[in-house]
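Okay, got some structures for you below.
In the two complexes that follow, chain A is the common piece, with chain B as its partner first and chain C second.
For the complex of A and B:
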């Protein structure tokens, strides 16, 4: 059974949740909409289809402390960073970003479990929002994601002036407990139908992914067209930073003056020093680095995860690449059995 | 407490100068003993806070009860710092990481041939001493080791006094790249030396050294009739986490830190040649 709330009373709901939990939502700041902590002064932008950066930062922050060291003479004191212990809600996550959490789980919750990520997953409630108007750059449909009915602890629909809620998990039931029951669910059904119609018409909605799997690993890797595809790639890493599924990280030390802060931060396989060692790098040109990023998403990851692609079709890389080189080009150029 | 990326403390209890650019560091837990148990071929992340963290192969055999040793070549920020420190210095350490050489399974009972170049002896050193301490579990053992010069031969005193001792029942063959005063041993590159020694292709081979040496050794072995399922190596790639998550050492659908670093050459054939 669904719950409902007039849309203009959403701040009231956020205010109530905020008494006990942090609320993270799409918020406009400096002309951009990104997931951030909601406060009374926030400009909430549930109408923005795509935040500039994905929602992954809620569970895998761009920068986070791992451990601090105090050094004295030859001695070292080790102080591990605390894992998150407070509950939070991330509100307004789209279906694509919601899938990315499942993909990140495959990495960070596989043995050995990453304690920082695991704590955030444990304490976070994911509230997703159906996409009323998917855009031309959206291609989530290729990966079995339903933008009309996204997964999450709670799924929401904004139909006219009302927001509808459906709890999908225990966390979701707790979240929606105090909300009024929906009188009539037909606006949601109507909305879902409309969305499904839009999804059917998306230009990249039905890509042929045949041949992108572990069985064709060497064939895809050795394709002679990689250098042509990578031509023009600046190695700027923008695709990586806006990507919901890119999860490679760097570990760095910073001397604060009083101690050493060891933190991890997002990194990119598109960067020339990513694999650089004392004796050189195994990916000397941008072609190899470009190939690594797409091979990982479309071949290596599915090879290790029952065919699951490490792409959610959010289309951020299509929009943000300064050279318009992106995963659609790669899928279309290297796909096999196109005509089959 | 988070433990897979949080290091523990270690203290450097001895430093040995091996060559002009290689030192061997003995590491113990602060209250004595080993920081953790390992198997030959496994690695550990050593760090100097403020300088960085890097992956090193564990040079000592697991049969050494009280400490672990790391032979480290000076070639970057962390190694430079390690080379300048004194005994008693604390460092941080975490591990062990990776898949070891199959010393208790596939290698057991086999006639072994170790082939190493330069600091590539470091990871094999652990296996050789493990074999020596369990000598009856293995057949014939030959070690072919080469370096640029006699000064660059790692562990020379131990090689001469222990490995080459008839009691060890191991054959040691040393070579250096160029003629040198005071050297009356073999001169020449490792791959050619292996061919000259004319091994029958019934040995199980463990090879480690510079990539170019490995390439030519493999060619030599193939010429001699060896097949890839008989040859093991250990790989080196940049690593940050050691647990298959940071993405740096990803080759094909493998992570060298957890699926390797030890690979058999037929396994490498199934991976993109990107290492």
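For the complex of A and C:
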């Protein structure tokens, strides 16, 4: 049974939730839309299809403190950072980003479990939103994601000036408990049908991913075309930092003068000091770094995770790469059993 | 113009005198243009049109030093300034590059088309100033001049300052006073200005796209990437550090920044980084006389060239700095 709310009463709902829980939503700030903490003054932008950064930051923030050390004489005090204990709601997550949480779970919730991530997953309620107007850069359809009916604890649809809610989990039932029941679910059915039709028109909606798997690892790895593909790459971290599934991080120490703050921050395989070791780096040029990123997403990850690709087709890299080099270039250039 | 360029390149590449040509390749979307190196066989993938906004001059630092033979570069009028500056700094050997100046009438910013609310773009065709945009939601139209790259609104003119030959016509696309935005910021109170920059710079994700694309940022290893520098960082502890990174970078390129605008073009968060540089350029012009970095090869910039007429440091008090 669906619930409903007039769209203009959404701030009222947010106000009520935020009495007890933090509400994170797509917020416009200095001209850009990113997920941020909702307050009365926030500019809510549920119409924005793609936030610049993905929603993963709600569970895996760009920077977070892990532990603090303080030396007193020969004694070292160790203060681990607190894990999250407050409940929060992340609202307006699209189907692609919702899938990315499942992919991140496979990394952070497998042994050894990451306590910071696990706590956020435990205390977070994910409210997703169907994509009324998918864009040409979207290609979620390749990964079994339905933008018309996304996953999450609650799924929402905005049809006209009404927002509809469907609870999918226990958390979702709690979230929608006080909302009034939908009189008529047909606008949602209509909308879903519409979206499904639009999704068929996506220019990159049906890519051929044949040959991107563990069985073809060495063929993909040794393909001579990597250097051609990577030639224009600037080696910036834009693709990795806007990506919902990139999960690499670095651990660094900051000397505050009185103690040492150990924190972790997103890292990028595009950077020259990525996984730098005492002997130097095993990826000396941008070609190897570039190859690493796509091999991870399209070959290593699926071969370790029952064929699941580490890409959700959100298309942020298509929009944001300064030189327009992205995963579509790689799939089209290297795929389709070209060596068979 | 594209056909003319490709035909000329076929002639030039025919006898093996050149190692190849740095130009823009057709990407996967109708408007993706990716810098690449072409040989004669690959020329059918070369594109030159309204989407070739990126500045190719910095690629020559690597490419021109790799090969014994000369390399051909396609440069727009504004790219020539960066090229000259890199030659001045001995990062590019001028004798190793054959520069073809390509005509430019301003380049299109697809992001601006999206910001105007046009979604699902599957094709863009030009009809004079009118852009006809095919989308998944029907055909739309928008005026070309409304969606030019920000850098084109500060166009430095149609002359190629370093070309060995020029192909195609250019048009100046400057829209009035390029210092207007700087002056708007100047007119703010210190608090307002601080709020403006804090809002903008706190969006920074430290992807380093601005630094990596910047032709003035040509250090082989940036201090922020060097584990031995003590200041290496990937993400900052707070937005103060983010601000510091950008302000340090602006000072580092002071006097050498040609105002090519690539920093703002590539920023995924739309931070108007070029305004930091333009503010410094404005100061240099006011204090030392009009100066354009990259105007020619070998020129000394005012911050490294002492003359008795130079302003004294105390000018900061009389100009009301710090207030």
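Keep in mind that, in the parts below, the second predicted complex is superposed on the first by the 336 of 340 C-alpha atoms of A that agree within 3 Å, B and C clash if a C-alpha of one lies under 4 Å from a C-alpha of the other, contacts with A are read in each partner's own complex, and residues count from 1 in each chain.
The rule we apply is simple: contacts are C-beta pairs under 8 Å (C-beta built on N, C-alpha and C of every residue); 3 or more make two chains touch, one makes a residue touch a chain.
Quick caveat: nothing in here was measured; it's all calculated off a predicted structure.
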Which superposed partner A:276 touches (first chain B, second chain C, both, neither): both
Partner chain in contact with A:329 - chain B first, chain C second, else both or neither: second
Touching partner for A:219 - first (chain B), second (chain C), both, neither: neither
Partner chain in contact with A:108 - chain B first, chain C second, else both or neither: first
Which of chain B and chain C A:133 touches, first, second, both or neither: second
Partner chain in contact with A:234 - chain B first, chain C second, else both or neither: second
Touching partner for A:267 - first (chain B), second (chain C), both, neither: both
Contacts of A:300 with chain B and chain C, given as first, second, both or neither: first
First (chain B), second (chain C), both or neither touched by A:62: second
Footprint overlap on chain A, comparing chain B with chain C: 250, 252, 267, 276
Contact set on chain A toward chain B in their complex: 66-67, 69, 71, 74-76, 78, 80-81, 83, 107-108, 110, 112-116, 214, 217-218, 221-222, 247-253, 255, 260, 262, 264, 267, 269, 274-279, 282-283, 288, 292, 295-296, 299-300, 303-304
Touch list for chain C against partner chain A, complex: 25, 27-29, 32-37, 54, 59, 111, 114, 119-122, 135-137, 199-200, 202-203, 205-209, 211-213, 221, 225-227, 232-237, 265-266, 268-271
Chain A to chain C touching residues, read off their complex: 29-32, 34, 49, 52-53, 62-63, 133-137, 198, 201-204, 228, 231-232, 234-238, 240-242, 250, 252, 254, 261, 263, 265-268, 271-273, 276, 318-320, 322-326, 328-329, 332
Complex contacts: residues of chain B adjacent to chain A: 1-9, 47, 49-53, 75-76, 79, 86, 88-92, 210-211, 236-238, 240-241, 243-253, 270, 272, 274-275
